[in-house]
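Take a look at these structures.
You will see chain A twice below: alongside chain B first, and alongside chain C after that.
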Partner chain A sequence: MHRSAFVRTLRTIAGWLVVGAFFFPIYFWTSVAFRDAKDIFNWPPIFFGFQPTVRNFEQVFGISLGFGFGSQETVTPGGGNFYMGPRLWDSIVVATFSTVLAIVVATLASYALSRMHFRGRHEFVNWVLSTRMMPPVAVAIPMFFIFKQFNLLDTYTGVILVHGLMNLPLAVLLLKSFFDDIPAEIDESALLDGASRWTIFRRIVLPMAKGGIAATAVLCFIFSWTEFLFVLTLTQTGLKTVPVVSSTFVTSIGTAWGNMAALGAAAIVPAFVVILLVQRHLVRGLTMGSLKQ
Partner chain B sequence: MSIAQVKRIAISDSPWPWLLPLIALLVVFTIYPFIYNVWLSFHEFVPKSRGLKFVGVDNWIQLWNDSRFWGALGVTFLYFAVALTIEIVLGMAIALLLDAELPGFGMLRAVLSMTLVIPPAIAGMMFLLMEDSQFGALSYLLGLVGLLDKATPMLATSSLALVGVLIAEVWQWTPFMVLIFLAGLRSLPAEPYEAAMIDGASSLQMFRRLTLPMMSRVIAVAVLLRGIDLFRVFDYVFVMTSGGPGTATYTVSLYAWQQTFSFLKWGYGATLSLTSLIIVMVMANMFIRVAKVRW
Partner chain C sequence: MKERDRKFYLASVTDRFVRGQMDRRSFLRTAGTLGLGATALGMGFGSRPFGVSRAFAQEQLQPSAEVISWLKDVAKPFAGTTLKLATESTPPSNAINSQLKKYFEEATGIRVEIEVLPLEQVLQKLTLDVASSLGTYDLYYIDQSWSASFSEDVFDPREQLQEKPDLAMPNYNIDDFMPALVDGIAKYGDRWVGVPYDIPIFIMIYRKDIYEKLGLKAPATFEDLLNNSVAITKEMGPNLYGYAGQMKSGHYALECEWTSMLWGNGGSIFNAEKKFVGNDERGIVALDYYTKLKEAMPPGVDQWTWDGQGQAIAQGVAASMLSWGEFFPYFDDASQTKVSGLCEAVVPPQPVALRKPEECGYGEIPGAGHQGGSSLAVSRYSKSPDAAWIFMQWATCADTQALITTLGGGTGPTRASVYDDPRVKANARVGAGTTRHLSVVRETIDKYMGSEPDLPEWAQLSSDTIPVGLGKYFAGSYGSSKEAMDDIASQVEAVLKG
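Right after this comes the complex of A and B.
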């Protein structure tokens, strides 16, 4: 009995230490966002107890928070070198619309894949899945030239299209696994009552799969929000998302670490949101439904 | 409703209208770029005329003789093998540790999964800051335990740069393995363990004889999904080292991208990216067959 209590205590401590080690970079980065330059470049590095400031956030987002722990200068929108307001907006637009695109196309397809039996269904699912294996660079290079021909470079349409397409395999497989969870007998009895497939889909299946669709949408949003290579390749000046501008903080006169960290800290906020919203479905999403929980 | 009527419904029930938008988009996204890539790999960009010129198999011959490509392939495989091994072993260990209802463990599992939704490019920047030799917190901590000499800039030292990138990689994606393995561990039946307990098996024996075999499918899925992503690594190397110092962290994806967009070798870039695609496809399909992964 004593030994078991000892083991439990030991295990609790080990668990907290391990997760603490993984959380440390997130803490440190967020703390850098609230520092003055002198507290960022100190050696040995400062881990706690620096004088906090919201200056970095004010510069990056072009807002005056007003309660700056002693921040004096006023900040004008669009004023600073690292004003990121438009970039956040780009990220939001791209992630939102590409998610809508992926979800609409994928719900239709995965309903058919879940309910209708046809020759080659298994091969079809495998084909959808195999598109996930393509290295993004093998898509981005031809896409650049195709987009150039169709004047889609540097446009919302182009990036939204590519991000929507990128998320399709995930969305299809995930939604199929959610639809598979709804008993097919419900559809069949409605069919016998004379309802059409479309009516059944809209009136019965969609409402029942709401939770799963929402979880899929959140995951698509996050994958678009974090995507790097396509935006880097397919945009020049017209739009840029947050991950892509992160590397532009490195300049010839040094890196604007404080501003960079403020942007990074803001980009971590979706991480909190997604964990709150879809924690239950996260594994299913990351493994594209291949491990049902 | 008669049986004949039911049958008629079933026959008229075609999946194709439902699948059409998906098929159209996937053709645009996969088949067309693929064909375009193949076509491009037989051409080369001529800066003077700003046009493409057919060059036959020149790009493929160049690839065969390009030591930088083979170096990049080596770096990619090294990165792939090291990261996958660490992430599986460490991920399994942490999953076994956290697979218990102890105070706060629910929250710990949630906190751990946060790393997965941070943009990799931003995670790379985080570690770029922390691995700086002048003021980086991680360099400082590694120096404290004697693993790193203070004067050594990790990411600018060719023997250490890949380690520096791998730290970011392992930090961000080990939690992915932990979550998958935890989901697997939670779905294991209790009876075999009870029987083994009665027979007096040690916990190590139970892990080797029960947990590992029953988890094999879960492990295979984790290896497949992570393996595909590892092989196409781009974000971390792009923001942290740009392939340097020298060619120490050049991966195939980064090399293909730079050839295309920095050096305007469009045809050669396409050849490189096509090669990367072929390697991933062959490896993934071999793995799916051997490990019998089913979706």
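Right after this comes the complex of A and C.
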């Protein structure tokens, strides 16, 4: 009894240590956001016990949190006249709509690939897979010219389209594997009962694949949230997402680490909220198919 | 408290606040105690951009009425135009973007969109624009190392002045741009690739308190620099080192610092026959010197660009650096660093020997004051070149440059007259945004400036071939400095042969 309590305590400590190790970089980065520049590069480093400040947030978002630093006149190292609030909103819009686009198209495509047997099906799946192997930089520049022709440069539509297309192959492949795990006999029984393909898809298969769709959507959202190259190439001043504006804190006279950390810390929040919202489905989605019939 | 004492005390408190030695809240509380509200002081509750009080900013730091009047007249046909500029995040661009362009937009009706990006991404955007000839950007920010590549893609400003006298700004005075900068930054062959817009330049920055404590004098020669740095490291290490470098393997920063060491020891990158000679006798002496200096630097210096180097000074880890003068105002900002008021600026150490420009190739100009910098130019592919030319004149005229220097935190002006502007001189005191180092910057530009060669391959050589080779040398991949430089020489030749 004594021994098992000891083991339990050890396990708890080990668990906390592992959690601590994973969360420490996030803590440290966030703590940098609350430091003055002179406290960021202390040697030996200070992990706790520094004088906290919200100055970085005020500068980056052009707001006043009541400490007297923020205002629309604050000059941020990243260029000044664009405050990061709108840029965070750009990221939210682009990631949300490109995820919706990818999921809607991929759900229909992957259901068809999973259930309908047509010539060239396997080749089609392989082709979808092969598009993931293409380096984005090979596509970005031709895409710049195409987008210029269609006036899609620097627009939400353009970036949402690109991110949607970028995530589509992954979404198709992932969702196909989730649909494959739902027994086809269920579809057949429903067909015998007179249900149409669309009804089966909408009323039976889709609810069963909810977990898988949530897991795929989270991945699409995160890929779009962190994508850099396409946004850099296809936008100018109209819109910018967080990864691209983060890079503007690298200035000719050094890096504004405090500002960059403030934006980074704020940028974690929306992605965290999305994951929290679908967490219940996510666990189901990740374990779907772990037990085979 | 007597009225006279109260005033003296208030003056001292205000001075401490303006110098960044007192936080805003304490200042307002003290001022309130003394019976003087924030409004009375003209401070309001806004920020102090770059340490300049808002009252000062509002009254003094506005474009001149003459300039605004000219803008209103000349820009009438272009109202409603939108101009685009992609630029690195530099003090001039940031000051224009965040503080000054509103005046231009209000006066002209021309909208200006400034896209701020890291340097290499600006290059990517401009290259794409030039390759496509689409005119996505109306104005180009051209780093001095790209001037050869973009020389045919921009208008020569002298031609614009001649061909469009009706658009010329009165008293624009193109001859006011410092000749050394025109040669070093803006010229490629006979063409002007825009006008000098930004001038970061190497000056000597050192901790006066440490030097005085050890009885040392500011390094006047490269020999002094090495001896002083070694002495400080020996005496005060590992808490404080004599020198901080920018030696990150494969980064342009390492190439910049190496070039300074090379020129300062009598070497050059190319000879008059346009052959790489960093591996000749002077080149080897220079690399050996740099190797010895590295021994007086903090560990980890080979992971630092100028950012890490600047932080080493700001955090009190190192006592000196030969680096960009733009850092100096940052060091004086008490809210950002621990060394406010402790640093001094002097001209770079005198070289052991100095090769003459005519002994070098591709327009290289040896000098210990390594110069960076950029030009501003109107793109040949712009859909609105005339409106862009008006903006360019406004952004680079003496009045705007004086405002940029003051608002932009003490960056070096590219026009001679701006160094004497009363608004610029008024900030020559210890504190954030100081301009007290600008006399040194000016002297360095005039007498000690070193310029890298101009050739289309230089972007690749300076940002890849040379710093990668040097990084490998400092990581111990070569048997000797000679072996390293010979290998770099063969790689440079291969790049030049294509």
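In this text, the second predicted complex is superposed on the first by the 213 of 293 C-alpha atoms of A that agree within 3 Å, B and C clash if a C-alpha of one lies under 4 Å from a C-alpha of the other, contacts with A are read in each partner's own complex, and residues count from 1 in each chain.
Please note the rule applied: a residue touches a chain if its C-beta (ideal position, glycine included) is under 8 Å from a C-beta of that chain, and two chains touch if they have at least 3 such contacts.
Owing to the predicted nature of the structure, the values given are computational and were not obtained by experimental measurement.
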item	value
Which superposed partner A:Arg197 touches (first chain B, second chain C, both, neither)	first
Touch count on chain A, higher of chain B and chain C	B
Chain B versus chain C as contact partner of A:Val269, first or second or both or neither	neither
Contacts of A:Asn42 with chain B and chain C, given as first, second, both or neither	both
Which superposed partner A:Ile141 touches (first chain B, second chain C, both, neither)	both
Chain B versus chain C as contact partner of A:Leu165, first or second or both or neither	first
First, second, both or neither for A:Ile253, with chain B first and chain C second	second
Contacts of A:Gln236 with chain B and chain C, given as first, second, both or neither	second
Set of chain A residues, in rising order, touched by both chain B and chain C	41-43, 141, 144-145, 232-233, 247, 249, 255
Touch list for chain A against partner chain C, complex	36-38, 41-43, 64, 67-71, 73-81, 141, 144-145, 148, 153, 232-233, 236-237, 247-255
Residues of chain C that touch chain A when the two form their complex	24-25, 28, 45-47, 49-50, 54, 84, 86, 88-91, 93-95, 97-99, 101, 113-119, 121, 124, 128, 132, 134, 136, 198, 200, 306-307, 310-311, 314-315, 317, 324, 326-327, 330, 335-338, 372, 407
Partner chain B, residues of chain A touching it in the complex	8, 11-12, 14-16, 18-19, 22-23, 25-26, 28-29, 32, 40-45, 47, 104-106, 108-109, 111-113, 116, 118, 121, 124-146, 162, 164-166, 168, 172-173, 191-192, 194, 197, 222, 225-229, 232-233, 242-244, 246-247, 249, 255, 257, 260-261, 263-264, 267-268, 270-272, 274-275, 279, 282-283, 286-291, 293
Touching residues (chain side chain B, partner chain A) in the complex	1, 6, 9, 13-15, 18-19, 21-22, 25-26, 28-30, 32-34, 36-37, 40, 94, 97-98, 100, 102-105, 108, 110-123, 125-127, 129-130, 134-138, 140, 171, 174-176, 179-180, 182-184, 187, 218, 221-222, 225, 228, 231-232, 234-235, 238-239, 252-253, 256-257, 260-261, 266, 269-270, 273-274, 276-277, 280-281, 284, 293, 295
